[in-house]
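Here the structure comes first, spelled out in structure tokens, and everything after it is commentary.
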């Protein structure tokens, strides 16, 4: 269909010729606002770090930064996946449980078959996650019920599965000692001083970001979230796309599970409990609209980094770690309020432009 | 028009709620403030009844094991001990428990046990008071309640099995640390939750003991890992950031010490910062072998569960009533005596080192 | 694509296009649950013709369109493409078959750029199936140049005026060379100039051999654009004839199946005292310094181009939208601003522009909708009385001759005209002093249309002050005692009935000389 | 999640995904509840006893209580995920004030006012700034819980007067039915009347189905929603007070995760998450069903893992079932018509 049209219509009557083009101001404006949005998070991040460093210079010590990046890696991967789901005007609350399930599965695999190459272990973890995502996706896409409810249910169900599995397999906890050295080395491994796990997360973010921006199906995810009905009418396979988003998100949650296993190396049935809150928070703070259609995975990644930094920075600032949740909550509110403000300003500017044009 | 009425209706609802709130409040006498209310009506139904040391332990005792949380390795080992004991007295053993360590869900399970008419309830409290009401009902329903590992308000249970005397635990850990850091330098404590009864007692005692025995040893802070692996792991990070001069960490909780050990073994602090505390051999084996940890301590949780079960049986049989001075047989652990406040002490903790750790499997 | 090679047919000016039959529907039936929307519907589109599809609301036009669009699938009958039976399984299939549909309400992705909206799913690609963004913008601009639209391809669709959205839709249809262009009441929201531009596009498409299916309630447009007219009634095909052989009256008779009395029966009434006073009403960026009076027994029309701010003004008057400055008085009493309840209490009623979104709660029953405005009045001791509600609903649906199955059915099951009557019932039952109607007859059938007009003039005669916003000049000229012309958010003229005609109104509305009069004859 | 999902060009036949308010909401779930109770009574020993009924109700009371106002909010198409955190914060503040030596008679009203404020914050952000309630209350979910810990830290305040704590779990005579059920019933009745028999309730359904249409009918949507959030805050605070007394322990982490159970009960009760449909009867039935199922399964020693799975599956089934049913019905009708 993308072939250029073969017949050129007759020219329009003279008096209907277009007024001179208003130029690219609209887009420029839009892009500026989005940049503002992501720079905002970055600024907040920098500010936080600076303040903390003043309070405790060792905050930027190699070890601490590495720990920070390590902790951020897992949340970032989750946030990347969640972004794909949220832009389609859905949400996946079950990621915490999926992480737990895949982490435990990977651990079990490595205990049962210590010879398993790391790559296989990673793929296995992702597969487990993908299956969970498939379950969510199928229910959401075929039964047409709100993802909030479905994934709330699977949040319970998947967690139940983990502990059921653990208790019936009589392996309640997988300790560092049980895991093969090859896999454990992954946790501490570095490339040019940067933790490998973090590099993995970065790679994931770049991949997802690139996909969402430069592939038709990626753009269609945004379309679906932006106007579901329009998506249907313009022939987008909504069900299939949403399903895909859930599966990919599941697979990434699975990957996060593997990273979790590699990093903490002690796995029990509670791994990843309550993560869903922070994941959604990261996305929202990163400027991903909760009702879909807009937001970038880069923003979400920055959001994840910011949340993690807050977590580690608060004690350094002599603040009770109790403040963390409060800070996260305040941050979410600030973020959505900011988005709203930007959106209104944008709309106002564009309306102004129309008013001028409509004469 | 409808606007005013709308909000008026809602306001009406609001006042309705306020009224309901008053129903709640006025249910008690006016002006109730703190401390003026000593009317304790704890279900001490066991008291009064006299103990018969020679009573037979009835067969088919229904013994229920209710841990803080299901699928927690430590409690699983303890449960195994209890199960063994119950087997020895031909009782019926069952383990129930919530999937999250919260007092409210423990209450729901205690209620279920009451309803099922359990003879003995062995439990470790998520909150010293929150489960009291439920336990009282269970006891008035005829159940004997034995707490272990983490006690409740003494009024709400018949016996508490203490893993070791608080002093014993505190001193062992401080001594172990002192040995490793040469008795001087900054030491931090990585505990479980801040309202975990036993941890707090130990920390108190450790601080006192250290102060008099090792004046150069400074306990700089106590942080809480909430018995969550990840949180403990990160709290350890935080400690080493905040206290560059830190010489050692004491973690009186199995989750905490293994998390801390794992962090140290993977960081530049390995070998430079000493670590000891309470941990299970299986979790710590690797770190003892790789030299991150030289020595740590713990009682044997299996024995703890074992003793708790026998204590419960003794209560149910009427051999004891929980009064101070009474004594009972606890299978191959031998005879135990009830101390003040109905506390039974398991014994001194075991110290695990590279030499003996492989003899244990729990 | 096969059809690309088809010989370009000569411009079929006015006469019936004699091109080959591109698309045909053969006695197609479609029912939703118990409701049969189509039974034995027929349609035949030839290459190079502009074909009108007319019929009352509920005649099944929209269902037919949705079948062409691949949204619905017929239960019975066949769809023929170039004489070959095809199944349009989904919108994608219809599009692949070269069928482009422009819906009444634009269906765009507000968050995506205009260019992406047009090429969604068909973006030009680079190697490795990557989207060619530069090519995307280029082709989009090319389209806009052809259409003579000045839109920035990279701006988001959010915030576009309805007219611009419509243009984007047209560009979308244009972007893949459609063999069949279906336009479902595209002009409902367009002003004269924009309609002309749309028609120019439609014609040029037709002349280049495409088939254009045009659905509208505006006969002037139908007769202006189309070569043949197909009339439908009650989901059935009635007739298909060359436009030349038909008169408006004939078409109307076939649609309604009966004689229709004259369309605009406004009778002259001696206006009473001033009921509604609007002074210096201003909302920054939307409209400014709007002042006018409305007297009892008067019908005052707000005319002007879409986007001029007419609806915004009446919404501010009713209090649904807040305003920055000015005042609204009802028989001398000042109104609290931004407070619809207060406006209602003062006796203002607003029949809004968008029946589905604003006028009715589609999921609620007819009776609940009809009594929503009086739920407190009808309540006994603060408790709803379903008896009182049913009684009132029944009374008013009788008075307005609402055709509804049961009053407890969801209002969504009614036809557009009857829905509009329910909205009127909902408001007239509040016994208003001022009745504001915004596009009172948009998208409702001829029969109901004249009923509404008769009702309005009768109400005016009873001393009601009526404010009417309308984009249909004939309606404005027929009904209004005075025409207030709005342009760019300002009240530019106040034309008494005597002086009001096409030119005077359009002249004022467009603010300058060069105007294409809205296509009306 | 809210009105945004309404389709712009909805065809005349009610679009799937929404359930018309016409069908008697909750009747299904209520029948199901009755069936379950009967079956359980005969198959699970110890289930059908006054004492067990008492235990069961005690566990359901707070969920049902908070479900009342939250149902109204969901009917209007909004949501409040911060209720459980409000319970926690109220509990923490209650403990802190008790430590400070204030009499409970003063503390309780203060805590209720606090609840009103917390609710007002949600309401303000949603109705005045026009932010999506889902995102807002996820934010306050974290914020309020965090503040709870800031207020009371990890400590637990437990020395509340026995008179109060025992009252909280006392039962009416020998019936085994908890005393608190009485005030709860009053609130249930009030809420049911407001929702189903007053113009306010009508307005709630209207705005839940179409916010615009409601506004154009003179309904002050923003203000009504604001008040709903306030009421929800107050009721949640009340829940916090009761929770504290019932467990005799004020803690910052009280009722963590309760919001999920409340929402589960509401959705189980047949209230559409999109708003505009559902009824209170169903919600109460839903809460009781969740409670009874857990209780019964516990009595037969089903491990808590399985309980979680069951809860999850129940929840999903509750929303999927009607959809499937609707489609089947649709499929059956079509051939009949032609």
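All chains are identified by letter, namely A, B, C and D, in their written order; residue positions are counted from 1 within each chain.
Everything that follows uses one rule, which is that a residue touches a chain if its C-beta (ideal position, glycine included) is under 8 Å from a C-beta of that chain, and two chains touch if they have at least 3 such contacts.
Which protein is which chain? UniProt says A = Autoinducer 2 import system permease protein LsrC; B = Monosaccharide ABC transporter substrate-binding protein, CUT2 family; C = Monosaccharide ABC transporter ATP-binding protein, CUT2 family; D = Autoinducer 2 import system permease protein LsrD.
Nothing here was measured: the structure is a model prediction, and the numbers come from that model.
Between A-B and C-D, more C-beta contact pairs are found at C-D. Across the assembly, the mean Cα position most removed from that of chain D is the one of C.
Taking the mean of the C-alpha atoms as each chain's centre, chain A and chain B sit 38 Å apart.
Between the CA-based centres of chain C and chain D the separation comes to 42 Å, rounded to the whole angstrom. If you average the Cα atoms of chain A and of chain D, the two centres end up 29 Å apart. Here the spacing of chain B and chain C, counted between their Cα centres, is 72 Å. Counting partner chains per residue, chain C shows two or more touched chains at residues 103, 107, 339, 341, 344, 375-376, 382.
Annotation for chain D: residues 8-9, 153, 198-199, 203, 218-220, 303-305, 307-308 touch two or more other chains. Counting only residues that touch two or more partner chains, chain B has 1-3, 5, 9, 70-71, 99-100. On the chain A side of its complex with chain B, the touching residues are 56, 58-59, 61, 63-64, 67, 71, 159-160, 163, 166-167, 172-173, 175-177, 187-188, 264-266, 268-270, 273, 311-312, 315-316, 321.
Only residues 89, 139, 143-146, 148-150, 152-161, 163-164, 167, 227-230, 233, 277, 280-281, 284, 290-291, 320, 322-333, 336-337, 340 of chain A touch chain D when the two sit together in their complex. Within the complex, the chain C residues that touch chain D are 29, 31-37, 62-63, 66, 75-76, 103-105, 107, 318, 320, 339-341, 343-344, 350, 352, 354, 356-365, 368, 372-373, 375-376, 379, 382-384, 408, 410, 412-413, 426.
Of all residues in chain D, those touching chain B in their complex are 46, 49, 51-52, 55, 58-59, 98-99, 101-105, 108-109, 112, 116, 153-156, 158-159, 161-167, 169, 179-180, 183, 186-187, 190-191, 194, 198-200, 203, 218-220, 223-224, 227-228, 230-231, 234-235, 238, 241-243, 246-249, 251, 253-257, 294-295, 298-299, 301, 303-305, 307-308.
Residues 8-14, 18, 20-22, 193, 197-199, 201-203, 205-206, 209-210, 212-220, 276-277, 330, 333-334, 336-338 of chain D are the ones that touch chain C when the two sit in their complex.
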